[in-house]
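My questions will all concern the structure given below.
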Amino acid sequence: MTLTMAGDPLEAVAGIEDGSTILVGGFGAAGEPVDLIDALLHSGAKDLTLVSNNAGGGDGGIALLVKERRIRKVVCSFPRQFNSWHFDAAYRAGELALELVPQGNLAERIRAAGAGIGAFYTPTGYGTMLAEGKETREIDGRGHVLEYPIRGDVALVRAHLADELGNLVYRKTARNFGPIMATAAARTIVQVDDILPVGALDPETIVTPCIYVDVVVRVDRHDKVPSDSAGGGQ
Amino acid sequence: MTSTGRLDRDGMARLVAADIPRGAFVNLGIGLPTTVANHLSPEGGVTLHTENGMLGMGPEAHGDEVDPDLTNAGKVPVTELPGASYFHHADSFAMMRGGHLDICVLGAYQVSGAGDLANWHTGKPGDIPAVGGAMDLALGAKQTFVMMNLLARDGSPKLVPECTYPLTALGCVSRVYTDLAVFLVEPGRVVVRDVFGTTFTELESLVDLPLVDGT
Amino acid sequence: MTLTMAGDPLEAVAGIEDGSTILVGGFGAAGEPVDLIDALLHSGAKDLTLVSNNAGGGDGGIALLVKERRIRKVVCSFPRQFNSWHFDAAYRAGELALELVPQGNLAERIRAAGAGIGAFYTPTGYGTMLAEGKETREIDGRGHVLEYPIRGDVALVRAHLADELGNLVYRKTARNFGPIMATAAARTIVQVDDILPVGALDPETIVTPCIYVDVVVRVDRHDKVPSDSAGGGQ
Amino acid sequence: MTSTGRLDRDGMARLVAADIPRGAFVNLGIGLPTTVANHLSPEGGVTLHTENGMLGMGPEAHGDEVDPDLTNAGKVPVTELPGASYFHHADSFAMMRGGHLDICVLGAYQVSGAGDLANWHTGKPGDIPAVGGAMDLALGAKQTFVMMNLLARDGSPKLVPECTYPLTALGCVSRVYTDLAVFLVEPGRVVVRDVFGTTFTELESLVDLPLVDGT
């Protein structure tokens, strides 16, 4: 319940144990906590279960965790992409388990974990191979599948700004999974572009209240955002 | 409507765009459906949703407009229109799954006469599956339109009595826009609304389904 | 799918049919759409099911709908209050049905309706008289109750500002039930303090996207808000 | 801790406040629990949640501070502290129900030795029930503290072998602060941590439960 301000990403991810389930935010590059993922790689943690929309592409970030066989299972909606060669190789070699989850079920299951929902019925997936073996029920004449929460030991999230209490705001579609993952992990570690004094964020606009945040680390952006929208405040 | 020639991809996109009513909230799937946006005029008041968390999406971004934090569901940089809003993934999929979008437009491997959709997985051994938001979109919108060529590369029809590819969702498709015809999938029947460079009789011989002539 | 800007509250609520289920926002007076409720009273609609956190107090608003026997059933978490004499009288006379719902289940069931969730399991209420007759299940060693969505034919919501597309922002704790009720009704009617041009609301701060809003009506505030926080923008 | 006198309401509130750790996120129920806020210092870094949609709630508002859009769960006007945030009701109850609050403090009609709580309904015929957020709060917080007088007006103990009033939630209470003693409700036993103006032996005669002396 006390916020830690980490000096660098390596300090931020310190203590992540082998065998942990890690929720990693981002949709493609937008909102991906790249520096936290790199730090996780350097930390040496292994036998990880990764929960993320994608399973990495190219030769950096999540793809390197996959290449180094630090991940034993991926829970995601869209592992295959044009440059997912490390995922493809590990999966085809039988060295990486995959739980493929429809994107909306992934989001709702993560939310359910954060919101204390034991399980929920959804029409998504009903009658498809992704519902095989799952409990089903007809509700109002429509087939539904019973889905359970997805909890993390750790969430790695990227936000735009934090205040010194750990309240967060995001930028544009980089918001994506961050706000729900922050609620669903025992420990939420957040990479931000900047940290502002308490009171600098408008209380009406805070997306992730500080109660969900355990560790914050400031990392300068490597990429360029258009100058008219890079603003400090909201 | 009948026409002298088979529609090309642009022609199909133009036709779908013309059928989207004024003021509709629409999600355009990755690939061919994305091109429908090129034929929506600002005056039409159609609002685009992208499942990665935005309503009021603008055209693709170029040059200095490119913002790494602003992409569409295909991870392509896009722009923001006045009146846009952002939300997280659970809220975005709640919008889709709760039946709030008027129309979504998807590509397909196969559509059955009952409106079943197969568009996410070939089912071939060795193929790595990826589903994304396809299952949520197909079921969530008030109407699901499909855009596809009527025939696969091997000449077999993609409008089928029953899908042989793994299913995306049951009974979700209400219209199928193809290069040769537009099909309305109605309870218990499939109506041919328009033909392009073909005839209703020729379609009947191409497709292994009873069709109703609505041209 | 086309937004209507109503000239006054009576026009805004026109067409609400007898027998409708009406979701009414507000927690006490904060966020209560008082002018829409008054208009509903004048409209004459009857045999209504009311879904709201409270069941009215004093001699105005919801309490008058109750007094006039226009409501046949109330679904709420907290009907009894020091001035709920009209509710108390109607309930004791057996002329008003009550479905008492724990506040969190009320909120989550309304959200479920808007989010396309068929039903969900929650620990809240397990083992109590409010779960009597409901399906239960043990999940992870904890008792859960199965709860179903609450949908409205109409939602009456009060927000702070709308833009001309119908995007909404709220003020402080007046936000309460508005954002979820707006998602859960076939027709959402919103009373706002002011209507701004498109583009005047920051896209990062919009709480209710315009897709959820069907009718907007501007009504000047009757009450006074502190001058340093009554601002027009966000 | 032992004390020479029975605690008054203010003394109970002071004791609860002193037991809330630095940096905790806390919800204070309506009535007696609300008064705990008077004994929390700004330096303690305790953040108050109110279930009607706010984290970082400040003290009661007076005079020009009163804002009809800013109230607590008891509908009393309150203020906003720096670093506060607002959210809607589903998000607010998700915060409670998801186990994110460290402590909630509630009043009670009865608490059982197993930590069952009864605090929302007398169960008397003719009484109109109202539950509000009591069931969500009791189950949702990491720890649920109860504040109450140990004896009802008729002299019967409110710490009981089994609740006779309608239940709020099963096995949720971990501590009971009363005017005569503080009880720790642990698996299989109830420990008396402090007594006020009484003795452990006297408590044993007042309460129809086996007690463990932890004073």
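Just a few scattered comments:
Residue numbering begins at 1 within each chain, and the chains themselves are lettered A, B, C and D in the order written.
As a convention for this text, a contact is a pair of C-beta atoms (placed from the backbone, for glycine too) under 8 Å apart; a residue touches a chain by one contact, two chains touch by 3 or more.
Computed from a predicted structure; not experimentally measured.
Note on connectivity: the fewest chain-to-chain touch steps from chain A to chain C number 1.
Looking at which of A-B and B-C shares more C-beta pairs in contact, the answer is the pair A-B. Annotation: 29 Å between the Cα-based centres of chain C and chain D. Between chain B and chain C, the centres computed from C-alpha atoms are 35 Å apart. Chain B and chain D have Cα centroids lying 54 Å from one another. Shared contact sites, meaning residues of chain B that touch two or more other chains, fall at 80, 86-87, 90, 93-94, 96-97, 140. Taken residue by residue, chain C touches two or more other chains at 108, 111, 115-117, 122-123, 170-172, 203-204, whereas all remaining positions touch fewer. Under the stated contact rule, the graph of chain-to-chain touches falls outside the line, ring, star and complete shapes. Chain A contributes residues 1-3, 111, 113-117, 163-165, 167, 183, 198-199, 201, 203-204, 206, 209-212 to its touches with chain D in the complex. Residues 27-31, 53, 77-81, 87-88, 91-92, 98, 100-105, 107-108, 110-111, 122-130, 143, 160, 170-180, 207, 223-226, 229 of chain A are the ones that touch chain B when the two sit in their complex. The touching residues of chain B, when paired with chain A in their complex, are 50-54, 64-72, 75, 80, 86-90, 92-94, 96-97, 121, 126, 128-136, 139-140, 166-170. Residues 21-25, 47, 49, 55-56, 80, 82-87, 90, 93-102, 140 of chain B are the ones touching chain C in the complex.
Every residue of chain A that touches chain C in the complex is listed here, in rising order: 108, 112, 115-123, 137, 139-140, 142, 144, 148, 169-172, 202-205, 234.
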